[in-house]
């Protein structure tokens, strides 16, 4: 059950490496669209430095507010190419994660962290190039008193995450691709990107989206009326 | 009426080019002060990258939350030197605008976007140097189902914006100068800046604002009492 | 009394220079931990540019919302190595502080500002290298009509600050060290840093925090159960 | 210009009494719909007690945060059937209005207050039956130091309000009807209410909105697929 | 997949009636504790009137912001004893639900609504005694343009909800009990309540929780030190 | 030091009973004004039911987020006429306090609770008539794992509170009167109330605050200009 404490699962099935490699080519916005506009974490999840980008498989962590014990438990489960994803049982901005844990996570092969709470040592993490998406940056320290879980399903910033799912994060936020859909979503993202490249050229040349996408008729049907200028519009208003 | 849907006005009177060019020399804080401390958008409107700055004439957009159809309609109205300004009918952080629309807007001559909602493709927009001031950066995609309006008066982040008004935006936020006042405000901003330059020199030399602005008497009248040290103050407290 | 208006104390006892110099070597997170996890300002206090860092002695300012008069009064009290710290009587994001005041503060020897309100001229402050930690960046100007106090105890972003206390601020937030504890806290911070350096090496070599800190027994006692894989966990769930 | 200070207009044209009386029969939601879904203030504007309702003509007030001087100026402009509406130049929750001003407003004929800031003496106002819609209830007192304006156009909680416009407020929030549209909107609200009464009967009898409004075909066209049960849906997911 | 659109499942397995009846005897806090402190919706979900309470089986709705089409689709799936639960794809406070839909829902047997968005007609709903837990009360109307889903798993205010789960809501918020655990949780809630009744008596008689729960030793071990009075504590501080 | 953990002080000096009895006659707004507009807690502190009012002496509690252990420790320190006041080390909305603790607190003589976190069992507390001012109402349970302090100085919702200070709370919020000032503040509140009663009569009779307080000259000096009607004002605007 979501939010159950006291569980640590050692080995989980991860999304296949080929799909992860393919998804790594695309941005969060493209993948979210390719999947049918689902899977995004809430907009308050922001990278601690601009330009950060990561794509890997989720090791999930459920932790209690102000308590970072489970991050140490999670370190042991991390493998090359993983991204740690932490959800909590309530709103919290304490700095659960800093440069020591980042050193440990990196040594275990982790690519980054997505944490629905705070992190600290932001300058050191930037210098290390260890990307974190968090709700806050705050020096507030935490205790190690209450157990949560590792590698059970969690809710992180409004999204359901299973261990082994693909996590893609960049300047636009964080998206989760269920492991069973990774291949299909990667393919759809590729198609979308190809199509967008063609559209981009036409738009850059000055063509309008109205014509590229053929929207004029639908707009008229939906009730949009054009006026030559402000005088014409004001006349309409007076009617 | 503010918030009316279904209207697209093709040609609007824009602030005169000379005034716009003059206003472009000053920052948002200076112009806001020169106008009598009015015209600012709410503080949650932030540039998607530091150092962005824009000054142009407004093409206004009224859109519904989660629906970016009107941005395509607006593209056709954009001319060289315009800044698109979008207001919505309710709080929303969806990523209504991304690099494809930015490509189109730039091709049409637009200088940037001010949007009371979210934008996405933040990394690409930064690379393109296309500045956006928004309420959020989020990958969340939008539909094209409900018409709003283009080039009607809107409320954007608490400010009233008419089409053709001057929009100035920088790291300090966004200010709107009504087109009928553009020349007067530009002149006042110039005078303010000149005066501030003189003051800056005196302050840099160690003079106090208390003396530069002659505040000591007014402070005494308003009841400010000086104490030599903490002991003197504590003695007063015990009275 | 906290929040009393009309008081300006000229000379205050500052933390000793040696302790301040020692504290300047450490980050906010380290100092906060060394002091027993106390003294932090709320997480909404953020630097206006990444990488800013400051350590100095507090000149405290109590001001009313939308009124920056007391910042001018404070300028006269500032000495080399001071950091101005401003608290207000209610929530406010107006831009009370800009490049003119920064010019004056720097000429008086101040190292930076911590303000529980807004600041403006963010681009100029970044260019000057004058660091500010604030609640908002906003161009909104202020009046000079109501007196507050300078160098009385204040509450700033949830923390109690006495004049002369040590203020340390970096990317992780702001921490206040009471002047009477500066030497002890500096010593404790040094010890903590030394210990962390040793731990960092072990973690970088791939050792787990679970072993470095000897947590395994405590975790088992607290009820953490390990499962070999998801199948084993699911079996447990069905019980 | 919106936000201009120093203006007090004594006599303003108010919406005609017959239209106001007619609008008073309907709730905020009905009127907002009848006007084409426009004119609402932001959702943070809440009545200080449940069941409050008011419909009257606006006397507008522009005030600075933490300063309630203009409320006294406005008292003189109030007439029978007016509702005072106050906008400010920035976010503020100070208690600008309490039972003394309510006593004065009521003596002048005012029906209530809509204030984009705080109010206080909430228990006394409830006992008096003087309704207030505000952003906060807080005891925080204010000064009388800076002039704003009375009876100029303002923005209040995101809506543009002209003096003399109709203000309707109830448990669902606050809506503004421009005086020039009062008669038309009252008529449309009446028609809407009549239609809803008929629909309510059918729904109460167990008919579905799908049939009452004839939505089934449009839903199918928009892509909605029905599944007999969860097994059928899961089979679809596996495809 | 969570957030998938275009699905409407007609018949879903609901929690057994006996367990629902048993759970109806307890409050949200008790059930949440009995389940191991999980299953709560976020604290921003509040009843529209004090004293509302409901316990029933979930019909789940996934809707897009500003679009209430799916509520009409859901009406057809509602049966006696159901509670509708609506999640959206992003933050939204529009009034998606009002007295007409409440009339329809009640006619179909529904007991109430839990909606991660706004509702309106709050006074009418209170008069009808139709309880709603929502994020906001706001008159803002919605369109019927984009399909979502009914009776698929959703995330509502941070909690995962499957169709047929038990929904309990009162003044303390909303908790979800998975249908497979309803019987066990009801039993545990009963035991907890019995135990609390005994404790309540002892506490009412003046016994201390410290003794009733036997906490004194653990507190001492955790480092709590008692001081006879403030003088003794201050002496300790000076050490 | 503020925020120090591990301290429980048994006997503290409380404000004298006569002053507390006198202060109990006045509301929060009056007392806050009488003290010079200081001492208020932040506006997010709200009573869990309308009409609650309390005046008593503070027993202070410092607790960690999600941990209500210290409330049990505090119960032992409570005496007749006390009000418990709890501050935490970070933002938190968990329901730390419910009907069992209220039963215990009442048995010990406490009048109510002010808590910068959440409380639960809101319906039961209302039925008991045990008033609570909190940041949230939420069923979320808490652990008993980390010690805080009792009867040390705390910061609660932005205000400094010493044990024994007077706490007054009503529908307008919460104000703290330092025990050393209780007598003086009570006297000032009485004078203020007497003066307001006289003013209220004059305002009720239709006199204007402008005349009662003699504001007309100051307003003119501050730049307020009167216009007979909108036409006169518009003429001014055109200048």
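Letters A, B, C, D, E and F mark the chains as written, and numbering starts fresh at 1 in each.
Everything that follows uses one rule, which is that a contact is a pair of C-beta atoms (placed from the backbone, for glycine too) under 8 Å apart; a residue touches a chain by one contact, two chains touch by 3 or more.
What you see is a predicted model; the values in this text were computed from it and never measured.
Colleague: List every chain that touches both subunit D and subunit F.
Modeller: C, E
Colleague: Farthest chain from subunit A, going by mean C-alpha coordinates, please.
Modeller: F
Colleague: When subunit E meets its copy subunit F, do both sides use mostly the same residue numbers (more than half shared) or mostly different ones?
Modeller: Because under half of the interface numbers appear in both copies, subunit F and subunit E meet with different residues.
Colleague: With chain centres taken as the means of their Cα atoms, state the distance from subunit B to subunit C in Å.
Modeller: Taking the mean C-alpha position of each chain, the two centres sit 29 Å apart.
Colleague: What whole-Å value do you get for the distance between subunit A and subunit D if each is reduced to the mean of its CA atoms?
Modeller: Averaging C-alpha atoms per chain gives centres 38 Å apart.
Colleague: Hey, how far is the Cα centre of subunit A from the one of subunit F, in Å?
Modeller: Their C-alpha centroids are separated by 41 Å.
Colleague: Two-or-more-chain contact residues of subunit F, please, as numbers and ranges.
Modeller: Correct list: 1, 5, 37, 43, 89-91, 93, 140, 145-146.
Colleague: For each chain, which other chains does it touch, given as pairs?
Modeller: So, checking each combination of chains, I get A-B, A-C, A-E, A-F, B-C, B-D, B-E, C-D, C-F, D-E, D-F, E-F as the touching pairs.
Colleague: Please name which positions on subunit E make contact with subunit A in the complex.
Modeller: Residues 1-5, 36-39, 42-43, 89-91, 155, 158-160, 178, 181 of subunit E touch subunit A in their complex.
Colleague: Of all residues in subunit C, which touch subunit D in the complex?
Modeller: 64-66, 89-94, 140, 143, 145-146
Colleague: Spell out the residues on subunit C that touch subunit B in their complex, using ranges where they run on.
Modeller: So the residues of subunit C in touch with subunit B come to 1, 5-13, 49, 69, 72-73, 75-76, 93, 95, 98-101, 103-104, 106-108, 118, 120-123, 126, 136-141, 144-147, 151-152, 163.
Colleague: What does subunit D use to touch subunit E in their complex?
Modeller: Contact set of subunit D toward subunit E: 27-29, 32-33, 37, 40, 43, 46, 50-51, 53, 170-173, 175, 196, 199-200, 203-206, 208-210, 213, 215, 218-219, 222-230, 232-233, 236-237.
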